[in-house]
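Take a look at the structures listed below.
What follows is a pair of complexes built around subunit A, which joins subunit B in one and subunit C in the other.
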Partner chain A sequence: MLVYVARRLAQVVPLLAVVTLAVFFALRLAPYDFVDSITTPNMTAEHVAIVRSRYGLDDPAWLQYLRWLGRVVQGDLGYSLASQHSIAADLAQRLPNTIVLVLPAYLTALILAIALGLVAAARHGRPLDRLIDTIGAVGIAMPPFWFALLLIYLFGYFLGLFPIIGMHTVGDRGLPDLLRHLFLPYLVLVVAFFPDLTRYVRSSAISQLDEDYVTVQRAFGASDAQLFRRHVSRNVLLPVVTQIGLALPMLVTGAVITETVFSWPGVGTYFLQGARALDYPVILAVLLLSATLVMVGNLLADVLYVVVDPRVRLGKTAT
Partner chain B sequence: MTARPNHARGAIGVLVFLALVSLAAPLLPLDPTTIDLTRRSQAPGPAHWFGTDDLGRDYLARVVYGGRVSLLVGALAMVTATTIGTLIGLLAGLGRPWVDNLLMRLVDFLSSIPWLVLVIVASVLLRPGLIMIVAIIGGFSWMTTARLVRAEILSVKQRAYVGYAVHIGQPLPILVARHIVPAIVPVVLITATATVSAAMLTEASLSFLGLGVQAPQTSWGQLLQTAQGSLQRQPYLALIPGLAIIATVMSCNALGNSLRHTFLREAP
Partner chain C sequence: MKPAARAILAALALIGPLFAAGCAADDTSPAPPDQTDTFTFAISGDPSSLNPINTGDRWGLTTTNVVYSPLARVEADGTVRNELAESIEPAADGRSVTVKLKPDVVWSDGEPLTAADVVFTYTNKAVKDNGNADLLWIGDQPITATAVDALTVRFDLPEASAAALSNIATETYIIPQHIYGDVTDFSGAELEPLALGSGPYKLVEYQRGEYLRFEANELYYGGAPAIQHLVFRIVPNADSVKTALQTGEVDGASVSPSQVADLAGAPVDIHSYAQGRVGYLGVIEPRVPDLALRQALFFALDREEINLAAYLDPAYFENAYSILPPGNPYATTDLERYDQDVERARTLLAAAGLNPTLVLAYAASNAAQATQATIIQQQGAAAGITIELSALDGTALYEEVEKGADAPFDLFLGGYIMGIDPDAYSLLFRTAASANFFSYSNPVVDALFDQGLVELDDARRETIYGDIQRAIAGDAIFYPILDSFDNLAINQRVGGVAQAKLIPVYHFEDWSKFTLA
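Showing the complex of A and B:
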């Protein structure tokens, strides 16, 4: 097991190098760069050149890349060109904000999806199943930011119940205030996450119903309730566990649009700001972080699967 | 979505209606561009069914013309992604092992960056016009198609009739045209409907973030971005384009499910 994890991690490193390399050079190919966004047309060419060299942007691209990579390996993500802040410090400040929003929303969506998916499967083809299916179909087709606008209008403007911007009221750092700010974006994310998960649970549960053990249990006179509680739900949870691993990157980039609509000070708004300004250290840092999480998440999914399902063993071929 | 024939009929009805309105828009008495400051921000009424926006432009016309762009982007991005995905899938499925390996690593690589992040970076870099948006969305949406086409080919290759065809010495082009291509058509069609949906939602997101369709051109996502500013006074400006997106995407998905049901005899 440990050998397997180590080998998989060893594969992650070159892939990350390729990801960063590709993005780094893609950023160099842009017809304009960060300097264009802070200089004005009435500056002299020399002035612009001085600005460019001060940021190290007149060095050859490969040198800039190596310099960046060398610092990243030491855990230094560099400095934002626009704000001069340390990116690692900025991320350390913003990452918890995103996690506090995404994690509860994802867990709620997951629990909701397991419940709805199992109920739908148990009532397969009947009105309740169709209802859940239709809700899911609408949810999948709905742009999350549109749902956010509806909620902002309804709860923010019309009813005046919840704040619609930011994370805290100025001067109020209390938990109740945070929860009030959290509510609307949280709701948007739950609605954005649960339809796909519900379908996944439902179709896994339905496919379980064709298994021999279900026939056997039925033959012994098990009721549907017993069958679902004791057998089907346990088997459905196996693939669901792997979904948790695959969801890991969402902790960073799962809420870019939702954060933007609600001006939530998380990684999503930070990334979007950086991307707009072509602030390449920021773009690279967020890409590196999220690509790492995708790969670690995939690994985690595989490992979790082995942990929960003793039938699966990682052989030498399982790479 | 439970795939029943009347569902598919409803979905096709919605899509045909939208396509007809979009194609016929220049013939209809609709004017999305004339600014009339005496009719700013009017509520829906007989003269302006969907009201007017803050520059006094007829909102029904804006929605119809926005839909033209949204649907066009969705359709063209789908064509781009499906073409690339099918070709890569064919190459990977039929090519030598090293080609297959290389292409699948490329798919893994592109899939290892969260998709929205990838698309945002690309659109910031390429300051998009309409063609660029299509290229970005289409160029990053082909991975699923490629994977599925490849998987389908690998399974077709195992079937006895393909084995016989190889055995009697059928040349490769004929083999591909007669046996491989027909086998992958259902997968390609089904994935294509999902790709249209995904492309339209992506265009809406990008335009909403201000990175997609730019004024004076408009799309449903761009209308939503504008509507955000007057949400408190005119919530219906946000409501309408959103409903249009949902109706279109739901119809595409229902059509895809119906195709899956028909071709693959898969239980709903």
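Showing the complex of A and C:
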């Protein structure tokens, strides 16, 4: 397995190079650059030229990319053009903030999805199944920003129960304060994450019900409860574990909209600000991180599958 | 081990360290400020620069104005209000300005503020590589500052310039030499230490993406602030700002006219003030070379209707008729205003035998511009001018404008804030100037700008800039629409708004004047 993992990791490097190259040159397709986005009518042409030269934006595109790549391979993500702040330092500050928000929400959604998905499968075609399916459909159709604004109105404004801005009250870094700020965006993300997962669990469970072992168990007189608890749920969990691996990149970019609405100081708001200003080192750094997690997440999903299901052997799938 | 148990263990192995990393962010920090002694103001993003030498963005300048002080400022009506300066004396020949500092002004660390600090600041600001030297250069030579004595500075101009005389003492925020004297590069966005000035507040904490926290500077020369703590809370989403104002989570913020109606019943008062901005319909001259067509277009339009559609109520805007904002002391109303006259527009078109189609570009993300464009389209159609609309990214629009005759549109909506001195507007209307988005060229206007720059007599200056405004209006390349007001919603528990004085860009002139009920 180690050989397999090493081989997969080796594939990550050229893939990342391709991803960053594509993103960098896609950014060049924009009809303006970062300096244009900060230029005001009262700057002279000479002033604008000085600023552009300082950021190296007057160099050819390939030179800018190679310079950026050269720094990245040395572990230096560079500096934001807008703030001139170290991107690595910014991400080190913001990534934990996003994880604190996304991780509990994803875990809650996962647990909720497993419970609801199994119940829906057990009651396949009956009113309870249809109710869960409808809730899922509404959840999928509902834009997170809109739901966030509803929650802000209800809990923040109308009931006045929760703060709606940021992660902490100014100067208060305590856990109770963090939890109060966390609740509303957490709820938005749970509602954003769980419908897809529920449908996934439900369809997996329904397909399990057609398996021979279910027929056999039923023939032996197993009740629905025993069947689901002892057999179906365990087999459904196998593909769910792979979902966890695939969800890894969400820890970076899983809450861009929600973070913006709640002014959560995470990677999402950082990325959005960078994208607005065409701050290409920021955009590339976040996408580099996100792309890495996509690839590592896929690898982890494969590895986890082997860990939880001894029947699967990686050697056979690696070719 | 059973598959389910393996699955849970594997998932925990994956996510456990990440969660631990997340919780580890909960570090220790200073005690929370007393909320009953804190004024919280919402800003939409991090300041681009906290370095007073080069900052130019709205939040950077607002923060700078809280922590630092200039020698003087120009009020909206053009009068000069001294801050660190006790007196400002321009020489009769227009070649130098002598500034005497107020005695006994100290930095927030207690050190005296002297002429050496002023010379230090201006010398570094005049370095072009530091990124904000434009106002301190005349032609290809810098304005130089010399300390005459501990409290007197003389600025020498390489040649006479009325604009420089009125600009020199304003908009430059003085930094302490004893703190930043060893800094060799002032081109960065942050200094080390982050901020130390002579303004009403001291910056004590900056959490990027979250907030800036200030404490009262008890040594402030204008008198210690009544409110001990000031917080700039970073809230990018406008809807969240509105709700935060309603709940009292923030005490003040800039809001749009449409949000003002939503705030009825909230514990806030709305304070609207002119920004000294001109919102306009621009014509790219090489694309619409026919003067009769440009005039016909302008006569087809009704700016009052355009403005009411976009800004809802006359309380939130003032109609503009000139290249200078309506409140500018040099603005004239004695020019062709192009008040709506549809018949005249039709006559002009018929005389020239025209049946035109024009393309109007505007910034897609700007709701006010989208409304204005639609009304302009309707008004044009009523006069026989077909106007097609093109929504573009705001920055991309200006990139396309620079292509002049090759731009993919003929007309565009824009706006600028250029300040009080009328020479600043030459950047927009002089031939080939850096912000001449109209590809406009009129040698008469160029010559008048040259005269205005060196004319030291104020009455004669007023005449020259009046002629410039009339000439540009006559050429019909620029249709001024309005000065859109900034609307500040301030919680009713906050007093002293009038004393703090609303000013463009910086929001408030003196943040020390607020009180809390």
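Definition applied: the second predicted complex is superposed on the first by the 315 of 319 C-alpha atoms of A that agree within 3 Å, B and C clash if a C-alpha of one lies under 4 Å from a C-alpha of the other, contacts with A are read in each partner's own complex, and residues count from 1 in each chain.
To be clear about the criterion, a residue touches a chain if its C-beta (ideal position, glycine included) is under 8 Å from a C-beta of that chain, and two chains touch if they have at least 3 such contacts.
Everything quoted here is computed from the prediction, not taken from an experiment.
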Which of subunit B and subunit C A:Pro163 touches, first, second, both or neither: second
First, second, both or neither for A:Arg130, with subunit B first and subunit C second: first
Partner chain in contact with A:Tyr153 - subunit B first, subunit C second, else both or neither: both
Partner chain(s) touched by A:Val5 [first = subunit B, second = subunit C, both, neither]: neither
Contacts of A:Leu27 with subunit B and subunit C, given as first, second, both or neither: first
Subunit B versus subunit C, judged by how many residues of subunit A each one touches: C
First, second, both or neither for A:Thr260, with subunit B first and subunit C second: both
Subunit B versus subunit C as contact partner of A:Pro249, first or second or both or neither: first
Subunit B versus subunit C as contact partner of A:Pro143, first or second or both or neither: first
First, second, both or neither for A:Val294, with subunit B first and subunit C second: first
Subunit A residues contacted in one complex by subunit B, in the other by subunit C: 30-31, 149, 152-153, 157, 260-261, 272, 278
Contact set on subunit C toward subunit A in their complex: 2-4, 6-7, 10-11, 14-15, 18-19, 21-33, 35, 38, 40, 42, 45-46, 48-49, 56-57, 128-129, 131-134, 187-190, 205, 207-211, 213, 231, 233-237, 239-240, 243-244, 246-247, 249-250, 393, 395-396, 398-400, 416, 418-419, 424, 427-428, 434-435
Complex contact set, residues of subunit A against subunit C: 30-32, 36-48, 50-51, 54, 82-85, 90, 93-97, 99-100, 103-104, 107, 149, 152-153, 156-157, 160, 163-173, 175, 178, 233-235, 237-238, 240-241, 244-245, 248, 251, 260-263, 265, 269-270, 272-273, 278, 300, 304, 307-309
For the subunit B and subunit A complex, residues of the former touching the latter: 1-2, 108-109, 111-114, 116-117, 120-122, 124-127, 197, 201, 204-205, 208-209, 221, 224, 227-228, 231-232, 235, 238-239, 241-242, 245-246, 249-250, 253-254, 267-268
Residue numbers on subunit A that touch subunit B, as the complex places them: 15, 18-19, 22-23, 26-27, 29-31, 125, 129-130, 133-134, 137-138, 140-143, 145-146, 149-150, 152-153, 157, 206, 249, 252-253, 256-257, 260-261, 271-272, 275-276, 278, 283, 286-287, 290-291, 294-295
